[in-house]
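Below are structures written as structure tokens.
Same chain, two partners: chain A is paired with chain B first, then with chain C.
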Partner chain A sequence: MSELLDARGLSCPQPVLLTLEKLRSLSQGELVVLVDTDTSRENVIRAAASLGWQAKEVQAEGTDYRLTLKKA
Partner chain B sequence: MSIFGFLKRKKTAPKTEDTALDQGLLVFSSTSEVIRAEVLLQKAGVSVKVMGPPPEIQSGCDLVIVFPINRQKEVLQILTRQQLRPLEVVPVSGPLMKPVDLFRVKDFGRYLMVRAANMKLTVDKETRVIVNISGGGCPDVPFLAAQLVGCSLDQAPRPRDLGHTLCGYALELALQEMERQCWRW
Partner chain C sequence: MSAIRDFFASRLGIISVGCFIGVFAALLQKWGNPGNMGICVACMERDIAGAIGLHRAVVVQYLRPEILGFVLGAMVSALAFREFRPRAGSAPIVRFVLGMLAMIGALVFLGCPWRALLRLAGGDGNAILGLAGLVGGIWLGTLFFKNGYNLGRNQHTYASVGWLLPLMMLGLLTLRLMFPPLPDKDLSGILFYSLKGPGSQYAPLAVSLGVGLAVGFLAQRTRFCTMGAIRDLILFRQLHLLSGVLALLAAAFITNVILNQFNPGFTGQPVAHTMWFWNFAGMVVAGLAFALAGGCPGRQLFMAGEGDGDAAVFVLGMIVGAAVSHNFGLASSPAGVGPYGIHAVIISLAVLLFIGFTMRQKIS
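Here is the complex of A and B:
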């Protein structure tokens, strides 16, 4: 079961920092992150990759994005 | 709006740094001239600092160079030899002539963010790893972020060597300020 992090409405770099904290606490598995800007989408994916997490799926939902991050 | 245009909206005197009255300001028409002048003067051994213009200065771009006023003649000779002519050379003569600090530092607990002009750089204080780069709007920002995010401060490539835009220049300033802040940890 995926964990969910809603980082919508937060200004940079807070979505990235919240995501990193969550990823560290999970170590592995799946995390869904909701963001609402292109910049946050790219920055979260990049930061997650630096910890070995991959963006398994990126879904546009209206003006928001649903990022599914995964680490085996 | 120019890339450093937000400085026009926030012209407040620096809170932490007093500007000595023995300093002068070089005002240029463009930020690219400021960058060239900074490099030239640093190479010549002149102690300079790039800052935002004070409220009293209405001409020029969104950056000024602060220099020791007692070296004005030498400074102008160095610049003139390279066909660089400032719009104005202004002595720092009072509070309203104090240049504006380009940097803002925000502590997020484990993380520290430095903003230099239009660029933000965030570092994990525990690992000294760069975790985020944002801001700008220049085409090379995604490339710069891809190169620096995940690198430790000690091993990160220099934005001045990678970037060719004002964002790259601002990011270099942010990295230098972050390195300076690191001495406190």
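Here is the complex of A and C:
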């Protein structure tokens, strides 16, 4: 069961700040992050990569994105 | 399309765009814009406020086409890459006030972060104090972020909400075409034009608009942001945006040297004063306001072009802030700070701290 973080509608740097906070508390596994802009999509994936998490899946859902981040 | 998208999201992409902005900002000065002011979002919005008569400071009135180009270029890019997302509703009144305060602070220093970089690239040592203030203000902003500061979520909304600021820019462009500058006239139709001072110095319309459109397009693609560059370094130790900003600085410096526009020193610099503490303090105010609003003044224009109605409100706040600055004697001049500039810095800082301390509800 993966954790879910809803960062839709939040201004910079909140989506990245919340994602990093969550990833640090998990240390490994799977996290699904919902974002609503391409900037947030890029920023969250870049920040996750800096902690060794990979974007396993990037799904467009209407005007939003569902990012599945994974670390083994 | 996806290869282009990936390039602009890469480190090389943002460095290339930083170089482009640096080179063309220095060239705009060669082509007619004021010294070390090839691009300055604060100064140019201030000049627009003057052109439409919101303030009557006769030396800073010109409808700068670069700003119109920034918004419209970003909009074209957002539409072409399917990133136009009409959104609004995240504390608009706060964003308006942040825009006003950012402008008030920037006009005490005499420049936005972009111009601070261009001033340094032109040899103006006073810019070091401005940049130090900018870093200080953003650092204060990161402390608020760590303590839960946020302005709440925005919402998807009608497409027309996203269209309004770009349409206003098209309207201003129409006015500029209908009422072009006339020789030795300070009024053309309903637009004011400076006959002396920085407002009287400008590159040809097509050049200013063309560079503005190109910068708007490229900056929207790369998410170029001078405030974000420093914020991400302090908050996340990330260098992505900073690499673009440093590229801008280096490219502008090299272009200035080639064009013989590099004049190192502290005194006699174009559209600048030497009151070091207030150069610093003005940019602390601006830096904190940009951080709390989530973007530098350029980035706010690009986000407004992407359909962000809250960024559009920030832009309008900046334009009104420019009018307030000049009408109430808050803005500096080459002689030093304005009669009420110091009061303005203190009050602005107090309001920013009030906003930062009181808007800290945890996001549910």
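Here is the rule we use: the second predicted complex is superposed on the first by the 72 of 72 C-alpha atoms of A that agree within 3 Å, B and C clash if a C-alpha of one lies under 4 Å from a C-alpha of the other, contacts with A are read in each partner's own complex, and residues count from 1 in each chain.
Convention: a contact is a pair of C-beta atoms (placed from the backbone, for glycine too) under 8 Å apart; a residue touches a chain by one contact, two chains touch by 3 or more.
Bear in mind the structure is a predicted one, so any value in this text is a computation, not a measurement.
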item: Greater chain A contact set [chain C / chain B]; value: C
item: Chain B versus chain C as contact partner of A:Arg46, first or second or both or neither; value: both
item: First, second, both or neither for A:Val16, with chain B first and chain C second; value: both
item: Partner chain in contact with A:Asp36 - chain B first, chain C second, else both or neither; value: second
item: Partner chain in contact with A:Arg8 - chain B first, chain C second, else both or neither; value: second
item: First, second, both or neither for A:Glu57, with chain B first and chain C second; value: neither
item: Contacts on chain A seen with chain B and repeated with chain C across the two complexes; value: 12-14, 16-17, 20, 39, 42-43, 46-47, 50
item: In the complex, chain A residues that touch chain B; value: 12-14, 16-17, 20-21, 39, 42-43, 46-47, 49-50
item: Footprint of chain A on chain B - complex, ascending; value: 108, 110-111, 113, 120, 122, 124, 129, 131-135, 142, 145-146, 149-150
item: Chain A residues touching chain C - in the complex, by the definition given at the top; value: 8-14, 16-18, 20, 36-39, 42-43, 46-47, 50, 63
item: In the complex with chain A, residue positions of chain C that touch it; value: 9, 81, 83, 85, 87, 90, 145, 150-151, 153-156, 223, 225, 228, 231-232, 235-236, 238, 240, 293-295, 306, 310, 363
